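After the structure tokens below, expect a handful of questions from me.
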Amino acid sequence: MNPVLHPLTLVTFFPLLGVLVLLFMQSERKNALRWTALITSLITFGISMWLLAGFNAQNPDLQMVIDLPWIQVAGWNISYHMGVDGLSILLVLLTTFLTPISILSTWTAIEERVKDFMLFFLLLEVGMTGVFLAQDLFLFYIFWEFTLVPMYFLIGIWGGPQRMYAAIKFFLYTMAGSLLMLLAILWLGIYQGTFSVPELIAKGGIPADIQLWLFLAFAAAFAIKVPMWPLHSWLPDAHVEAPTAGSVILAGVLLKMGTYGFVRFNIPLFPEAAVKAAPWMALLAVIGIIYGAAVSYAQKDIKKLVAYSSVSHLGFVMLGLFALNPQGIQGGILQMVNHGLSTGALFLLVGMIYEQTHTRDFDVYGGLWKLTPIYGTLMLIVALSSMGLPGLNGFVGEFTILLGAFGSESIGSPWYAGLATIGVILAAVYMLYMFQKMFLGPEGSVVEEVKKHGHSIKDLNWREIVTLVPILVLIFWIGLYPKPFFALMAPTVDKLVAAVQAAAVAMH
Amino acid sequence: MTPELITFILLASIAVASGLGMLFSRNAVYSAIYLIINFITVAVFYLLLGGAFIAVSQVAVYAGAIMVLFLFVIMLLGAEKLGRSGDTLPWQRPLAIILGLGLVAETLYILFFQAGELVALKDLPEGFGSPSSVGSVLFQEYLLPFEVTSILLLVAMIGAIILTRQEKKNAGR
Amino acid sequence: MLPVSYYVGLSAVLFAIGALGVLIRRNAIIIFMSIELMLNAANLAFVAFARVHEALSGQIFVFFVITVAAAEVAVGLALIVAIFRNKQSIDVDQMSSLKG
Amino acid sequence: MLLSEIATSGPDFFYLAPWVVFFPVIGLLINMIFGGRLGEKAVGGIASTASGLTFVVAVLLLISLRTHHEGATVLLAEWISIGELQLDWAFRVDTLSTTMMLVVGGVGTLIHIYAIGYMHEDVRYKNDPGRFRRFFAFLNLFIAAMMILVTGDNYLMLFVGWEGVGLCSFLLIGFWYEMDTLAQASTANAMAAKKAFITNRVGDFGFLIAGMIMFWAFKSVQFDTVFEAAHHVAEHNPGVILAITLFMLLGVAGKSAQIPLYVWLPDAMAGPTPVSALIHAATMVTAGVYLVARSAPLYTLVPQAQFIVAIVGGATALFAATIAVGQYDIKRVLAYSTISQLGFMVAAVGMGAFVAGMFHLVTHAFFKALLFLSAGSVILGVERGHHHAAHGHHHDDHAHEHNEVFDPGDMRNMGGIRKRMPLTFWVYIIGSLALAGIFPLAGFWSKDEILAEALSLNFTVYILLAVAAFFTAFYMGRQVWMVFFGEPKHEAAEQAEESPPVMTVPLMVLAALSILGGALNLPGLGTFTHWIEHTYEKFHLHLHHGEFNITVAITSTVLALLAIGLSWVLYGRKAVTQDQPDPLKRILGPVFVGMENKWWVDELYWAVILNPYIALARFTADVIDWRFWHDWFHDKVIAGTFQWVSRTLLDRWFDQRGIDGFANGLADSTKELAQWLRGIQTGFVRNYALSVFIGVVVILGYLILQ
Amino acid sequence: MTSTDLLSILPITVLVAWACVLLLVDVFTKKNKWLTPLLAAVGLCAALGISIAQSGNIYAGFKGMVVVDGFTAYLNILFAASGLAGIALAFDYNKRMGLDRGEYYVLLLFSISGMMLMAAATDLIVVFLALELLSIPLYVLAGFARPNPDSEEAALKYFLLGAFAGGFVVYGVALAFGATGSTSLGAILAAVNTGSADLTLLVIGAGLIIVGFGFKVAVVPFQMWTPDVYHGAPSAVTAFMAVGAKAAGFAALLRVFVAALPTLYQEIVPIMWVLAALTMIVGNIVAIAQSNIKRLLAYSSIAHAGYIFMSLVTFGQAEVAPDGVAAALFYLLAYAVTNFGAWGVVIALEKAEGKGLELDDYAGLGRKYPALAAAMAVFMLSFTGVPPTLGFVGKFFLFRTVLEAGFVGLALIGVLTSLISAYYYLRVLVVMYMRDGQPDVSRPVLLRLTTGLTAVGTVVLSIVSVPLFRWASQAVLRLF
């Protein structure tokens, strides 16, 4: 197949076309710019649907592989190697799905430098999709690092008052981790002679002690991105300062790149080290779950609460991944999607009210449900999804993760899962706290405040509802009938688990 | 104590003393003259080491032309003496001297304790270092460097002109 | 014949004196002269080594060094003159507005 | 079709089972989408119809079960399937689940109808008529969730309903989220709702853990699979079953309001009265009982767990009954009574008297729903009276104009209502007598069966329950005297008005059921026992058959009558008003203060769990995470390492010309080091030469040392 | 003198001859200020063409004094292209700053010829002469803006320190000669291999040579001239100097150490290690404190010298050294492209009297001149090493080489210092995009062309880096 028209190439690089078009448009024509970006991202979503149609869920291996020699000089064995399998297909879809939604959410929120914003946003999409599709470590690293740049600008230009600080912190933190990963990638390239992930997995045979170091180097990059406790310190800053769409993408996709990295690289490349590290990763994950939940509860800023809740939620994902059994890993991957949807939607919702009130302080809110019934109902559904109410998507992920972790041999003790289950209680505590503070009780002072400026708080308009409805549909769909989602990843995960178990057996 | 050694010690003392003289002399003119003495002493060493032509060049070009240029500039600028307005860098001088002594010690240690013995095993062949031998090597083996030096001098000339030419107006950087 | 090491040792001492001159003198011209002394010391070493190896190339090198020195002197003195015109001083310590 | 099958074949409506969920969901969707354009009648009608249809389906299932005792499982779709984990959306129809469906559908429908009238007034009184529709949407949602709970074929699907009803409970308790029970602006109702949800979540935590242990022990959470393998597992690893059952007990304690998690239920009375009746008395709170009954094959394997469950139930029954004695709010008394009665049921199913427990569950649904609804009728009546008193005969919407806060639920404001609301009075009497266990009302039969079983199974529990029964009769008597008899103690009570037929008709139906409910399982006939037994047959579970024990019956009846008499002595003769202490207080002194203050359990929880958690969370968030980890460690220490280096290298501080202020904190100290290194760049050419020279000397020195 | 001799120095000859012609032309065309630069560019193009034509062939000339191999050709092309970029940057800048004198271009050509000689030199004598030939014009160019005191100061500092460091080179060569009896790299290698060399003296000589060239490429602790000279010299000169002189210095270091002194690996490599590490650390850290863009870029250039210097730790490992040299060459190219672009932007904003050089002057650039700011952003990201830019690919190859040679610690330092560098490069982005201001910019065509081409090149070449890297690695193979 023509490499340019290959579906993976297309889905990754199609937004660049939009970028090109945008470059030649006048920056004053804001609506035209918005439409261009939106349509570009929608077409990209369409392409990803085409990708899904061609995806064979029964096949555990990489599919639609495109593997062109790229840099094959002087012992370098770098290829343009992309492929999709059960581990990544959902995340690709999540990316292409959330991007148009985020763009739609900026319709009225971003009035300044619309052109630049859309440019960066589409560039970001390229990077993110690439991260999930790249099967060559070099290529992967390029996409991985590249995502930093547009995100940096998104936070730094359109962010809140502390945006520069947050942007730089975001950049430096993530880069710190990725540079260690870079060394590990280079090590693999030198001593294994290839950067191709499938080849590296097939080759194996890295001595256990070196595996551990490499594992740690990769983990450094991914753990910061996830972020795992205690490396989460950049997250609240980035989230609080980022514009709504930035937060959505940050929470929805960028954080997933970290967890995805674990399951795509750390576990299959260094299976022995992964088995060895599993209890420790689980411990960190559990601490993250409880800690994130407790800290969320004590926040005064809505966005910060949601930000910290991510620490807790991604703790679940990590716990599931390092259960190293089918339930845990499938649950983990599904939970990545779930978190992307729920937290993404939460940020969207917070952004929508922020546009009207310009404050995120809990204390001034209250009683909004009466004024904005649709908004309140949607928020409730999303909050419930986020706290894992059965029947909604969050539960399916959380339960399978906990179940997997509970009986995981590599974690070795049900205590981790047991403690993590407390996180389920605490999730209800902070989510309900948020809901109660914003929507229940008597009217908060913000209502008066807004009235003083000659406005009144309005319920969601059609555009906003349209933005949210796709997410809600998925929230219910995954909650009630997650089978198609699990079916997409099951063979790949089974294969992965089998490989890890073989390694674990060989270790003993 | 061979006569050679005595000669060497004598000349070496002159060389070092004139070098130090240049170093510590208050007056730039004196410094220049000390340096000329030093150059001439070194030329004698060249002779001792079988570099007759080099020795001549040393005296003619170095001690003669170049140093005269120095003296000329000193006189031109009237910069014989530099007003002593306190030492700007108080710790620079002691540190430099310590380091200088360190360098000397290091080099001597290497020369006399670490490196292999450096002795001339046999006498030089006839005409070694004579203008004709030097010339033939220079224009056969070292033609390219020789040509390069010519360019180098041209460039230096151009540079000197550019740097000293009086401009009517000069703005900015 | 004296061991050639003696000559090399002397050259090292002269080199160090030259280097010291650069470090401790403030008069640009004297600094410059010190550099000449360093080159000169190197030349001595060359000639001494040429004697050891009985290789003329050592002496040839001295030629080139002398030429280079001449070229440098031309440019260097021109520069000093130019600066003196501007600043009425050739104290290098006064040339320290660029820093940090 | 085989002949043998034809022989047993009657009508088979099992395939209709999923519709018990679909009907309310459809009703809910119609009301949500179109409800805005429909009138109140239509909205209520649709919701009630949806609920009624579930009842019809339940009845059809009942009919089917009469011929097909073994029941059926209706598979709707696969839900989660990963490796060994196989979870389906499958509806289980057997006698146990159908019993629950009937109760939920039947009582639910009655309450829907009642609510049409009740909410009509309530939303006007609270000044937000638009909320009428929302109420019925929630109510339908509840029916759907409850039906999922009782029909689920595996523990996880049960859990979906389990949490779903919790959600509805949350929504409905917080229905009037912007006020408190006295309709004053406050967060009280919202807090009560949150409390209910979170307390339930604690129980759910136990449920989840139980589910996980179960899965790894049985590789399944499907009822049949688990129960069939239970014997096998119990032989090899009895601890596992014990753990499962005990963690499940935590779930039961949460949902069915048992010690130690009962605290949410009294506060749940913040919801509109139909909600209290439906969710917090008749159906949802009995889910725990249902769960234990459903898990009978597990519980019967571990006597230790059974004992603990029974003790928890018995203790709750007594404990809550004592508190009920000290309450003044008409609904609160009923709330504690509910907790107490749930204790009876839990004790029963805990002991192994599953049929008795379920029987009491059914009868209790009748009479407790009746009591709550009538209490609601009373409250509305008093409220109407209050309106009349305050505004003459003007009906206007400005209910909040007067400053004095009037509590229409406080029994000390009532008295003599039997004259103003005779119908309500009569049904209330029926309900009270049923609850007190007076022959021949429904409560008598079911309660007696429990007591009889307890006597033979666990004497400690018997004592607890018997005493609780005494208290039950006493506080009900106290309530009836205070509310309906004597003279009106407030002008509102004086002018109270009877409720409209849309409310009273359901009351009468329920009253009839409360009278006749006992007929379900009359001693000797045992209809209900045989009915339920079909469910357990499959697992070769031999239920204990409690015989009717005339001694027990007489003892308890006598005790109940005594208690009623005692209550008349204390309350019947003289009215209790707000400004005078309760007569019992004079007798019991501090004990009564304890009852009045609910034994300070809420305060204890606040002090021991909630406040510490909040403080810890604040401390973690503010001090550990933010000031220590974010501000100090990351912004100061990491970069500050440089600072330390530079400080030790440095004896004087170079100028800190602000480069720019934006990166406050971050890498400040790197910048300081940079500034210091910058200071080395002095601008003196001789310095630079020195640097070169140092490099030379060091390199040569190094090479010599080589 | 044979035709091979001539061929081996053909580009140099062309440049020198052309420079002399220009000198005359300049005298007679005082009116047409554009003629000299145009002609200079023509000359450079000729040299470029010759170098391209020569690549793939090997010519050794003048009895082994010079050699044209892949390495030379690669660097010659780099030098010629840098010269063109230098002219492009200087053309309008010089006019704006009143420096439009034809000698400027003459000196530029001379300097480039010195650089090319350096790349070709295989004899220490030629190396030394080439060093002077490239340096002396640069001294003058640094002072070209005289009587501007900053420019004069820069020239004086550069000159004095350059001559001082030159003294060390000479002495080092003398010791090397003393140790082996020859200054020819081939002969030195032979002497070492036959065991007739005095290794002690040779090692010391090598150490002094490192000092001399370390000065030229600005390695700590010989780097201190760099910020002052870069700051004081006219920006166009600085841009050229940063690339040309650095590349020439590395050319000499690589040639000398890889070709002639691999035997001394054990003794020398710790020095390389420490110098590289120190350079990366100091360069990057001090850059943080800079508020003047020229000084910032100067420190950045020091830091990058450190990265390239890392490649030298491979010099004695026969299997890795080719990769090391290739990585260094590639990085030089990457640095050249990025650097010219960045200086182009600096020049666009620079005003007379040294105005417009503070970081604050860049505020609001992103809004007012989005293209220019975007280009600058690309350059900064490339300096940081963020993909997809040349800087990233270059670092990737460099780190790989270092790891291949077994220096994990050094690679770690490299990685951590790039992290530090991100901080100050990002600051430029912050100022451009996230602060408001009214920057004033002059953007003549040539400048636009240069910045535009380099910006596009920085990104595009990183993606299609294969030919470049193949070129670099083949260039190296000829060396051995």
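Going by the order they are written in, the chains are A, B, C, D and E; count residues from 1 in each one.
FYI, a residue touches a chain if its C-beta (ideal position, glycine included) is under 8 Å from a C-beta of that chain, and two chains touch if they have at least 3 such contacts.
On a predicted model such as this, the values are computed, not experimentally measured, just so you know.
Chemist: What chains do chain C and chain E have as common neighbours?
Modeler: B, D
Chemist: If you tally C-beta pairs in contact for every chain pair, which pair wins? Let me know.
Modeler: B-C
Chemist: Centre to centre, using CA atoms, which chain is the farthest one from chain D?
Modeler: Measuring from the centre of chain D, the most distant chain centre belongs to B.
Chemist: What chain lies closest to the overall centre, CA atoms only?
Modeler: A
Chemist: I'd like the Å distance between the centres of chain C and chain D, where a centre is the mean of that chain's Cα atoms.
Modeler: Chain centres of chain C and chain D, defined by C-alpha means, are spaced 95 Å apart.
Chemist: So, what's the distance in Å between the C-alpha centres of chain E and chain B?
Modeler: That pair's centroid distance is 30 Å.
Chemist: Measuring centre to centre with CA averages, how many angstrom lie between chain D and chain E?
Modeler: 76
Chemist: Using the average of all C-alpha atoms in each chain as its centre, how far is it in Å between chain B and chain D?
Modeler: Taking the mean C-alpha position of each chain, the two centres sit 100 Å apart.
Chemist: I need the residues of chain D touching at least two other chains; which ones are they?
Modeler: Within chain D, residues 662-663, 667, 678, 681-687, 689-690, 693-694, 696, 700 contact more than one other chain.
Chemist: Provide the list of chain A residues touching at least two other chains, using ranges where the numbers run on.
Modeler: If we look for residues of chain A contacting two or more partner chains, we find 164, 168, 172.
Chemist: Tell me, which residues of chain B touch at least two other chains?
Modeler: Chain B, residues with two or more chain partners: 88-89, 92, 96, 99, 103, 107, 110, 114-115, 118, 141-142, 145, 149, 152, 155-156, 159, 163.
Chemist: For this structure, enumerate the chain pairs that meet the touch criterion.
Modeler: A-D, A-E, B-C, B-D, B-E, C-D, C-E, D-E
Chemist: Spell out the residues on chain D that touch chain C in their complex, using ranges where they run on.
Modeler: These residues of chain D touch chain C: 678-679, 681-686, 689-690, 693.
Chemist: Spell out the part of chain B that touches chain C in their complex, as residue ranges.
Modeler: Listed in rising order, the residues of chain B that touch chain C are 2, 4-5, 8, 12, 15-16, 19-20, 22-23, 28, 31-32, 35, 38-39, 42, 45-46, 49-51, 53-54, 57-58, 61-62, 65-66, 69-70, 73-74, 76-77, 79, 82, 88-89, 92-93, 96-97, 99-101, 103-104, 107-108, 111-112, 115, 117-120, 122, 124-125, 128-129, 133-134, 137-138, 141-142, 145, 149, 152-153, 155-157, 159-161, 163-164.
Chemist: Please name which positions on chain E make contact with chain C in the complex.
Modeler: 125, 128-129, 132, 136, 139-140, 143, 146-147, 149-150, 152-157, 159-160, 163-164, 166-167, 170-171, 173-175, 177-178, 181-183, 227-228, 231-232, 289-290, 295
Chemist: Chain A touches which residues of chain D in the complex?
Modeler: On the chain D side, the touching residues are 77-83, 85, 89, 128, 134, 156, 159-160, 162-164, 167, 170, 174, 177-179, 185-187, 189-191, 193-194, 197-198, 201-202, 204-205, 208-209, 211-213, 215-216, 613-614, 616-618, 620-622, 625, 629-630, 633-634, 662-667.
Chemist: Please name which positions on chain A make contact with chain E in the complex.
Modeler: 70-76, 113, 116, 138, 141-143, 145-146, 148-149, 152-153, 156-157, 163-164, 167-168, 171-172, 175-176, 179-180, 182-183, 186-187, 189-190
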